[in-house]
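Chain naming follows the written order as A, B, C and D, and within any one chain the residues start at number 1.
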Amino acid sequence: MHQDHFLPPAGAFTRSVPIRFSHCDAAGIVYFPHYFDMFNGLIEDWYTEELKHDYAELIMGGRVGFPFVHIECDFKIPSRMGEVIELTLLVERIGRSSLSVVIVCHRDCFERLRARMVTAMMSLETRKPVPLPQPLRAAIESYQQRTALALP
Amino acid sequence: MHQDHFLPPAGAFTRSVPIRFSHCDAAGIVYFPHYFDMFNGLIEDWYTEELKHDYAELIMGGRVGFPFVHIECDFKIPSRMGEVIELTLLVERIGRSSLSVVIVCHRDCFERLRARMVTAMMSLETRKPVPLPQPLRAAIESYQQRTALALP
Amino acid sequence: MHQDHFLPPAGAFTRSVPIRFSHCDAAGIVYFPHYFDMFNGLIEDWYTEELKHDYAELIMGGRVGFPFVHIECDFKIPSRMGEVIELTLLVERIGRSSLSVVIVCHRDCFERLRARMVTAMMSLETRKPVPLPQPLRAAIESYQQRTALALP
Amino acid sequence: MHQDHFLPPAGAFTRSVPIRFSHCDAAGIVYFPHYFDMFNGLIEDWYTEELKHDYAELIMGGRVGFPFVHIECDFKIPSRMGEVIELTLLVERIGRSSLSVVIVCHRDCFERLRARMVTAMMSLETRKPVPLPQPLRAAIESYQQRTALALP
């Protein structure tokens, strides 16, 4: 079977996730909705640790949310209990209030799955999109530039 | 805002899901990975109740699995605690060992979200795709024909 | 092995839950935190359907919550994918702002697990306990009386 | 309100868990079944990192499981998104095939919740209890001795 190599660009935000008993189904592989939960956690950590915008503070203090408007995901290699996988976040496109990221799950330089996730910043009060605040936008643009690579 | 009408075709497999406290996040709307869990439950019920192939028996007895190879989803209207949403399953394409379904989540004739999910039948022993057994294939084709509608 | 018989008292609130693929772990049995999620769903339905106090409305409209202060649970027989289990709710004790319920999970008149769960009604604004409103208390007392049985 | 101080004994196995968006409910606090999932993860890490018995290898290779037979938990202080909580595991009692552990969740030296969880080692083949293997038992006894404290 063809396998896709993946090497994260220098400076890309990558976190390790151990595959736990609770992630796995009766076939012993990760039950797929758990991946989306891992991706959400990665995005949270990226805001807080890489962009230096505390995610909890944005949500609870700023009264905004980041609901997803579109998700697509290709599953290539299943992951099993006891493995440690790597998740890398790359920025694809920054809109006025929307943000498109690519998350690659990999191990030993092989892609296991790849997701494209489009989110929009929304006011929890008005339930309407709000523009990304300028300091947050600048931080995202800077990250995008320093980790740019030809996304397939 | 533009909203998409949706009326399930006659005979389409539809189940109601009450939005529970446990589905909702701090913004009071469904945390998105829960939708994928609901979709998996819908597919289980469709196998067992509509296709008359017991899903648990397929998995545990037949030693096969149905991992997803591709998922895409458009989120249009959020759902809130206490609402009851409808999930309708339609068949898009039947391959040799793969199956592509569309799941539409709707309420009061408006689409809330729409997913396309491609699965492949796999042996749990060899971890390779296996062809859909003929009786199961026949049941899926029959369902597809009697619920055919122009999928956008 | 000794097994405990269980027959719910007449009028007791009981709901069926099908054990799904997503409930089960690599050993093919329910991963235990899912039981607590099922119990929370049972309590929601009990408020809404039996006590006629809409749970979502209480939480979202009334700005109260029902956090648990104490839980204990004995696990007796594991449950497997494809089984349908029954959950029965009984009231043990009604306090000023607290409520102690017993939830018995059973199948074919045998107990599978039994939990005692103590909750307290809290204001989401002040984060302090609030007394159970009189109509809700009356509904719980009435339910307790008509389903009374010698709880072991 | 009275609050319980907690200082883990020297050498006790403690792990930090950041409270994520996905842990929290519509009231902004951790939805309680997630605690039990965190506890299971802590026990996994304790086996692998502290006892030097790889948990995934025990389960998948050894064909044993560790189902819980009894759980009790007191919830004292809720935890909110963005907080980091500490989980400490202590051994209460080692039986022939059973193990009773206490897990204390704390932050800033105050207890937030405390659970007692009794598990039994079971063969996945025979579904009967099996005695703890001697090297595992020795590792648990050694841990218990070096972290002994008067458990309340």
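Convention: contacts are C-beta pairs under 8 Å (C-beta built on N, C-alpha and C of every residue); 3 or more make two chains touch, one makes a residue touch a chain.
What you are looking at is a predicted structure, and each value in this text was computed from that prediction instead of being measured.
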Chains touching both chain A and chain D: B, C
Which of B-C and A-C has more C-beta contact pairs: B-C
Where chain C and chain D are represented by their mean Cα positions, the distance between them in whole Å: 24
Gap in Å, rounded to a whole number, between the CA centres of chain C and chain A: 36
Centre distance in Å when chain B and chain C are each reduced to the mean of their C-alpha atoms: 29
Contacts with two or more other chains, residues of chain D listed in rising order: 21-22, 26-28, 33, 37, 40, 59-60, 81
For the chain A and chain C complex, residues of the former touching the latter: 21-22, 24-26, 28, 31, 33, 81
Contact set on chain C toward chain D in their complex: 26-27, 29, 32-34, 36-37, 40, 59-60, 65, 67-75, 78, 124
Partner chain A, residues of chain D touching it in the complex: 20-22, 28, 37, 40-41, 44, 54-57, 59-60, 80-82
